[in-house]
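You will see two complexes here that share subunit A, one where it goes with subunit B and one where it goes with subunit C.
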Partner chain A sequence: MASSGLELLLVSLPQLGRGAAQTLAISALGIVFSTLGGVAYGVLASLNRRGLNLVLRVYLELFRAIPVLVWLYLLFFGLPIFFALSIPSFWCAVLVLSLWGSSEVGEVVRGALRSLPLGQREAGLSIGLSAWQLYGYVLLPQALKRMTPPTINIYTRIIKTSSLAVLIGVVDVIKVGQQIIERTYESVLIYGVLFLFFFFICYPLSAASRALERRWTHA
Partner chain B sequence: MSALIEFEGFNKFFGDQQVLKAVDLQVRRGEVVVILGPSGCGKSTLLRCLNGLESADGGHLRLGGEELLAPGTDWRQVRQRVGMVFQSYHLFGHMSVLDNLLLGPLKVQKRQRHEALAQAQALLARVGLLDKRDAYPRQLSGGQQQRIAIVRSLCMNPEVMLFDEVTAALDPEMVKEVLQVIQGLARDGMTLLIVTHEMAFARAVADRIVFMDAGRILEQNDPESFFSNPQTARAQQFLEKFSYMESLPKKMPAKELS
Partner chain C sequence: MKTAKTSKLLLSLFSLALLAGCNKAEEPNKPASAGASPATSYLETIKARDKLIVGVFTDKPPFGFVDESGRYVGFDTDIGRQFAKSLLGDENKVEFVAVEPASRIPFLQSDKVDLILANMTVTPERKEAVEFTNPNLRVAVQALVPEGSSVKHLDDLSDKTTIVTTGTTADIWLTKNHPDWKLLKFEKNSESLQALANGRGDAYAQDNLILFSWSKQNPGYRVLEEKLGEEAPIAPAVKKGNIELRDWVNAELARLGEQKYLLKLYDQYVRKELSEDTKPESVIVEGGKWQG
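Up next is the complex of A and B:
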C-alpha cells in the first residue's frame, strides 16, 4: 500500500508538476498585474478627484460584491456571446485575478498613502518635484512599510483563488489531481499532496507578512 | 526699482469664505518682511499662494515682474525660486539628512552631484549640523529637523524664502537656534517673508512689519513705528495681548495655578 502510494506519486509527479506550473503561472501573473494595477489604483485614488474617485469606487464595489467565480464565468462564457471575443481560459483566469487583485491591493495602497501626513506632499511639491517624482521618491516609499504586510496577504488569497480556474477548464494542479483520483481512487493521497502544495507556498508568505508587520510597527 | 514680489488686489476664497481680500503687498529684493496678525487672518494662506500650494481667485501676483496667475505658469519652476519652510518641518522620514537635501538639486534641478553635495555640506556646516548628514530625521530634535528643513530649501538656491511659524512647534530652548539661522539669512541680504508669533524676533529681524486682520492688510510700517505706535485699533489690541504676557508678574502664587 505504502509502496504503491509512493509509486503512484512518482509516476504522477511530472503530470502534477505541469499542473502546478499552470497554477503558479496564473498566480504569479495575477500577483504582478495586481501589484501594478493596485499601485495605479491607489495613486489615482489618492489624488482625490471627484469623478475619478467615483469610477474607482464603482470598480471596487463590482469586485467586492460579485464573486470571483461569477466574473470568471462572465468573461469566459459571456465575452464570446456578447462581443464575439474569446479569451483562452488561462488568460481569462489571469485577467480576472488581476482585476480583482488590483482592487484589493489598490485599497491597501490608497489607505497607506492616506496615512502619510499631508505635509509630506506639500514639502515635496515645495522643492519643485513633479507628481511622478513626488510619488516615486517621497510618498510611495514611505507608504511601502504600511502596505507590504496586507499586500502579501492578498497575494496568498490570489494563489488560493487561482484554483477557481479549474471551473473554466484550466488544467491546473487541482485538475490534474482530480484526473489522477478518477483513475486511481487515491483521493486521500492526492488531496494530501495538494494540501501540502498550497500550504508550503502560502504559509511562508503569511508568516513573512506577520514578521514584517511586527518589525515595522515597532520600528 | 521694481518689487521682487507683488500682490495686487489679490483675492482668495475657501468656498464662500473670502480669506484674502484685495491684498496689496510689495516686497523688494533683499527685504525682510514679517507678517503679523491674529490666528485665522490669512497669513499662511498668503504664503501658500506664493508657491502655488493654494490657487488664487483673482488679482495679480508677480514674481520678478512675471505674472504668476496667468494660465501657463510653471509652478515647478516658481517653487524652485520660492523656498518654503513649514511649522512641522516635514522632512522626508525615509531619507537620510543628505538625501533630503539632495533630492531637489539632483532630481528637479538635475545638477551635478559633487557640486550639490558641496553646497549641501557647506550649508549644513553653517547651521552647525554637518555631523548629522547621515542621520535620519527621527534621530534629530525638533530644532535640528527645522534647521535641516531650512537648508533643504536653501539648497535649491531660491530667490526668496517663506517661513510659516517655523518655531511654533519647537520647545523653547530650540527656538533660538532656528531663529539665529533665519537672522543669518537676513544679514546675508536674502529676501524673506516671515510669519511668526515671536514678537521680539519680529522686531529684531524685520525691515517692515505687515499687520493683517480678517484677510486684509491693515497696516505696514517699520518695526520701531509699528511696535511703539500702531496705527489701528486692531493692531493695538493685538500687541496688547503680547505685552500683557510680558508684563505678567515674575512669579504666580502656586495656589492660583492649580
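Up next is the complex of A and C:
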C-alpha cells in the first residue's frame, strides 16, 4: 500500500501539476485584479460622492448577496445564451473571482482610508497636493498598514474559492484529485496531497502578513 | 474640481482592470450557434473549425475518466474520438471539456460544446431541454445493500436510510416517487460508496452498472433484484433543434454498430468490471437500436 501509494503519486505528478498550475494561475490573476479593483473601489468610495456611492453600493451588494457559484453560472452559461458573448472558462473564472474579490478588498480599503484622521487629508490639500499625490503619498501608504491583514485573508479565500470553477469546465487541482480518486479509490492519499498543497500556498501568505504587521508595529 | 476628474479616471481604470479578462473573449473554437441560419450547415462549421468539441465526464470510470498518463479515455470518450475521426479524418481533432452532471445541459444550451457524451440517461424532462440521439447504453437503477442486511425488497427501505449521489437518476426518481424515504446525499459516487461501507446508510441506489462493478471488487454486498423505475436508454445529446448533428450522430452510431465497435469498447473498459455471466447486450446498445 505504501509503495503503491508512492507509485500512484509519482505517476500522477504531471497531472496534478497541470491542475495546480490552473489553480495558481486563476488565483494569482484573481488576486492581482482584486487588489487593483479593490484599491480603486476604496478610493472612489472615500471621495463621498452621492451618485458614485450609490453605484458602488449596488455593486457591493450584488456580490455580497449572490454566491460566487451563481455568478460563474450566470456569466459562463448566461452571457452566450442572452448576449451571444462567450468567455472561455479560465477567463470567466478570473473575471468572477476578480469582481468578487474587488468588492471584498474594496470595503477593506474604504474602511482603512476612513479610519485615517481627517487632518491627514486636510494637511495634504493645504500644501497644494493634487488628488493623485494626496492618495499616492499620504493616504494610501498609511492605509496600507491597516488593510494588509484583512486583505491577505481575502487572498486565501480567493485561492480556495477558485475550486468552484470546476463547474464551468476548469480542471483545477481539486478536479484532478477527484479524477484520480474515482479511478483508484485512494481518497485519503489524494486529499492528503491536496491538503498539503493548499496549506503550503495559503500558510506563507498569512505568515507574511503577520511578519509585516510585527515589523510595522515595532517600527 | 480635481477630485471629480480623478474619480472619472479611476472609474475607467477600475472597469478596465475588471474587464481585462473579457477582452480575451474571442474564443476561436467556440461552436457556432446551432441552426442559427439553415443555410450554413452545422457540420461544415465544425469542419471549418477543424475540431469537434465534446463534453465528457473525467471522473466516472468506465464511461469517461483519465488514465495514468493523463489522457481522457473511457467508453463514452472513445466514441467521441471515433466521431472526430469520421468527420475530420483524425481521432485527435477533438477537444474534450470536463463536465459535471449538473452542467451537461447548460454546456449544450450555451453552445460551449457540440455534443455531450457523458452517460446521460434519457428522461422526459431532459428531452425538453436537449436533443438526444439514439442510445449507446442502457441502464436501470437498483439498490446495493450489505450481504447481511435484513433488506430483501425495495419496500423494506421505506423506513431506512438510502444513500444517493446528488443529481443522479436514482436521486431524481426517489425524490419523485418516494418523497417520504430518508435520503442521504453525497456529491460523488466514491463518497456515496464510502458512506455505505462506513454504515452511514442502509442501501445505496445508483445506476446498476456502477453497483455491479463495485460489488464485484468489494465482496460482502448484494444488489437487490427489483429495479427502481423502468430500464432507460443512455444517449449522446446535442443542442435542442440541432437535427442535422443528431442525424449525423445516429448515422455514425449505426456505422459503428456494423463494426461491433461498442462491443470492442465493452471488452476494453466494462467486461472486467462485471461478473462473468453479464451479457454485453444488457449494458450496451449497438448501432443505436433500442429494444426496450
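Just a few scattered comments:
In this section, the second predicted complex is superposed on the first by the 207 of 219 C-alpha atoms of A that agree within 3 Å, B and C clash if a C-alpha of one lies under 4 Å from a C-alpha of the other, contacts with A are read in each partner's own complex, and residues count from 1 in each chain.
We adopt the following convention: a residue touches a chain if its C-beta (ideal position, glycine included) is under 8 Å from a C-beta of that chain, and two chains touch if they have at least 3 such contacts.
Model, not experiment: these values are computed from the prediction.
When the two complexes are overlaid on their common chain A, residue A:141 makes contact with subunit B while staying clear of subunit C.
Within the superposed three-chain model, A:53 lies out of touch with both subunit B and subunit C [touch as defined at top]. In the superposition on chain A, A:85 contacts subunit C only, with no contact to subunit B.
When the two complexes are overlaid on their common chain A, residue A:44 makes contact with subunit C while staying clear of subunit B. Residue contacts after overlaying the shared chain place A:119 against subunit B, while subunit C stays out of touching range. Contacts of A:130 after superposition on the shared chain: both subunit B and subunit C are touched.
In the superposition on chain A, A:206 contacts neither subunit B nor subunit C. When subunit B and subunit C are set side by side, the one touching more residues of subunit A is C. Common to the subunit B and subunit C contact sets on subunit A are residues 130. Contact residues of subunit C toward subunit A in the complex are 2-7, 10-11, 13-14, 17-22, 24-25, 27, 30, 33, 55, 58-61, 65-68, 70, 97-100, 102-103, 106-107, 109-112, 188-190, 194. Contact residues of subunit A toward subunit C in the complex are 11-12, 14-15, 18, 29, 33, 36-37, 40-41, 43-44, 47, 49, 52, 73, 76-78, 80-81, 84-88, 91-92, 94-95, 98-99, 102, 130-132, 166-171, 175-176, 178-183, 185, 187.
In the complex of the two chains, the subunit A residues touching subunit B come out as 117, 119-120, 122-130, 133, 137-138, 141-142.
Residues 51-53, 76-77, 79-80, 83-84, 86, 88, 90-94, 103-104, 107-109, 149, 152-153, 156 of subunit B are the ones touching subunit A in the complex.
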